[in-house]
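After this come two complexes, each holding chain A, first together with chain B and then together with chain C.
For the complex of A and B:
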């Protein structure tokens, strides 16, 4: 978000307390949502639960087009509509809820660096596997993405999305990678996260931060989503502290209500 | 350039006096050789040959139907009248720039003494005409390129292409029109188009890409049209401050619909008619030929005109419509009706009436049922300035408009719907000046007094300017 937009959002947000009717929108859970969107949505849900802010999850087929930035998920709070984890964190901070207040400047910079790592590595890998791998695209991504629409619109939208993601992959330099290289990148990312986590319950001190929510969202979704091959999940399973981290967060924040 | 020789009749060889007549001058012809005058009106004649001179790519068979009637003429006045009608028929095909008729006595071996030859001298339109305009509109500039190919395959088919490239939006349309040879009123038309629209009253942006096929034919006194249309609609918010109700409708949908419309038009002109009536009934059924949208839409338009004393015209019109969703899904904002503005209920802002979103943005969401009525008295300008010329294009008009737009709950019966449409009627009255533009459009400048304004409606009391094709 630009500085001006941030200032605007903070001012509008600070005015009112968090309402009971806050809603989070994502694509249809059973038939439509894809791995990357599910991971982002789960990260935001985990973050809001960690802050203790109630939010209702609503599934809509056109959630992606409803979002002001075109990305999932987005929340509708009072009169505001905010999308993606970064702006949502800013938004809640303006309302006085923040998980990273206790960190000093060095830790905050580190947290931002790791969040960038997850976004650049894990999220990009998920997008690559979904749309650039022909087998996954044909069997899972295209049918799921186009399920709410009728023919021929379903085909047009699915191929349009695939071309858009492939163009983006080429732009960030992932166009030439093979699936093996992508799995290796994921492995390295998990190794870095695992090392940082060590034996601690959360990444920083004993309190969760937005980094924990983000990592949980991605890892948990990868572990529980069926893809054409289980290689991605296997890479994560080899790091036992990441597995127990996911289980811990699931038990603490998601077990009391069904997620 | 080729000629058309229509079939000639009885081949009896004889010669007759020389006569050369233009059908548009109804006056006694000059006789060059005979000293005495003949009374021509009741003289029996036989049309032996009808030529069409000046054809290039037009095929013969489509023209023989238009000129067939000329053969049945029995006397000279009849020949002139039928030739004139045939000339009108040839012109309405839209393939000739000019048609002239020459009636002459028959010559040659098989000429009868009372035989006539009728020749239509035609000039075909050019194969392709193009136009290029630049337009500046609401904060947007655009370049519009048009191409027209009349008479593409020789049987009065027409192909038009229009492309508009703007700073914000791009749109295009390609259309192919083919009449049935011999029956111009029966025709089919195929279109492919992409149009974009921005609707600030609803904070909505819409892009439609579609194909459609249309079949028109006359039945008794009416003109019927059957149409199938498949449209890919993309809706989006026009601004970040759009209401959530509009945001919820963003996204893609596919509409595949069959529609039928019937038009009876006995008016003498479509803009500022002096007499006659118009009735137009249109229905559209979507969802049974595929697509996501599923509804039945009905709307009608009635207009009656009568000339009163002193050159003034009284005109009454009534519009109405109903949108019935089929299945569980609610209706889409792009299918609903909108009301208000200088072309419907004057005194209210454009489409700013009726159901509205509840938050700050106050976007107008359209309604599923509406009716609107208007009563006008058109008089010539006071003191008739410029009479006989420019002043005749203007009219003063006094008007009374009323109407209502609301959503209907289809669980209740028709009685409840009628009651709902009858409550909270918006109406307005006023006076203004109307300018007629050609045969298609009109401009209005009115002083309006809106009444019955409900909370949330945006009004435009005082002076209001309107330009358009279809006015209430």
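For the complex of A and C:
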């Protein structure tokens, strides 16, 4: 979002309380949504639940095109539309809901750094595995991505997206990596997260923050999504404190609805 | 012991061992870890084995170009600057390096390659001055297009153009990143204790060019200078690990020392004398060959016994004299 737009949104946001009719848009859950988008969407949902802000999840086939920045997910609150976790955190902060107020400067620096670690390594690895690994792209990503559309549009959109992601991978220097190297990077990232979490319930001791939401979103999605190989999930399962972390957040924030 | 690996990297300027961020990261890490590398500084990327700089050519004739790959290779060879780090510090390293890549790098690409004044006055001029003929005509432009493309892909915006708004957004993220780094560094000498690690190498590589180059549009530079602990961190690293390069560039620092008589580093062209002599020779050669070809001056073979025929020479000589 541009600076001017952001300032405007913050001002408008501060004026109104959180409405009951807030909605979160994402692609179709059963057929269309891909690993990386599902992870981002789950992260935002977890964050909003942690803040205690109610939101309805609505699935639309063209969610990606509706989003102001082209990224999933986005929320529609009142008459504003905000996409991606970073701007959404700022938006809720403007409305007076923040999870990271209790942190001091050094902790906030660490929190931001670890969030960038997840974005830089986990998210990029997810995109790589989905689109740059030929087996996964052909079996899972392309069919799912283009499932709402009929031929020939489905083919065109799928290949266009694949080409776009591959160019991005080249730009960030991941183009020359092999799948093994990517798995190794994921392993390193999980090791760093596991080290940081240690034996605490959340990353910054007693209270969850947006970092917890982001990590939960990605790890839970990887653990519960079927891919061509289970290598990625296996790497995460080797860190028991991350597994119990995911289970804890799921039980605290996502199972109260059914009970 | 096996022969040391060869590192091909960009030349240095402004008191730095190299002008490129990636090269600086690799050089700094090699110094911190005590890795012996055969340095080949050059300003012609086509002469490097992979076409890109920096490139590490290992003993197995493999070419590595990404700084992270080069660092992993050096670690495997037991040159590890992160030995003293605890597990949590290692994790923090990884996190802060990611922060640098996501928040600071786009702003650096913008400052040096996309912002019009900086690109024309500093970046393009430096590369055009230092690259050999005929690369200096098209390679800087090609590099600029590559960097702009990279920035577009990093931001996910295909229609990115340089402008006030983009500059504000990028600089806002970058200043936040710099503030966070400054908070993390505090008053320590290095990020983790008294010995430098890979995070120090990455931070040095990203910040040193911004601090040391003279940019016409230097908002990021100004903000960085206000963060004293980061500025003294960079100066410290230069002093301790790159003393030779630091001394050369010492006179180019701002404030008290007067600018060198050539009028600042903009006019510092390498091999100036050699280029002057070559230009003079080329001009002389051109004039002589023109004179010979048009017949103003002619060289005739003199036979040893017979005297030469006086008329043609005299006639031509008169014609030559008349013209002159």
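Criterion: the second predicted complex is superposed on the first by the 251 of 259 C-alpha atoms of A that agree within 3 Å, B and C clash if a C-alpha of one lies under 4 Å from a C-alpha of the other, contacts with A are read in each partner's own complex, and residues count from 1 in each chain.
To be clear about the criterion, a residue touches a chain if its C-beta (ideal position, glycine included) is under 8 Å from a C-beta of that chain, and two chains touch if they have at least 3 such contacts.
Only a predicted model underlies this, so the values are computations on that prediction, with no experimental measurement involved.
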Fit or clash between chain C and chain B when superposed on chain A: fit
Regarding the shared-chain residue A:19, is it in contact with chain B (first), chain C (second), both, or neither? neither
Once the structures are superposed on A, label A:79 by its partner contacts, choosing first (chain B), second (chain C), both or neither. first
Applying the document's definition of touch, where does A:110 land relative to chain B and chain C: first, second, both, or neither? second
Look at the residues of chain A and decide whether chain B or chain C touches more of them. C
Go through the superposed model and pick first if A:121 touches only chain B, second if only chain C, both, or neither. second
Considering only touches as defined above, state whether A:149 meets chain B (first), chain C (second), both or neither. first
Examine A:102 and indicate which partner it touches, taking first as chain B and second as chain C; both and neither are also allowed. neither
Which partner does A:54 reach: the first (chain B), the second (chain C), both, or neither? neither
Distance of closest approach, chain C and chain B, by C-alpha atoms in Å: 11
Interface residues of chain A shared between complexes with chain B and chain C: none
Listed in rising order, chain A residues that touch chain C in their complex are 2-4, 69-71, 105-106, 108-110, 112-114, 116-117, 119-121, 167-168, 170-173, 176, 188-189, 191-193, 195-196, 198
Quick check: in the complex, which residue numbers of chain A touch chain B? 60-62, 64-66, 68, 76, 79, 81, 149-153, 156-157
Which chain C residues qualify as touching chain A in the complex? 66, 87-88, 90-92, 94-96, 98-99, 101-103, 149-150, 153-154, 156, 165, 168-169, 172, 176, 180-181, 183-184
The chain B residues in contact with chain A across the complex are 232, 236-237, 240, 244, 247-248, 250-254, 290-292, 359-360
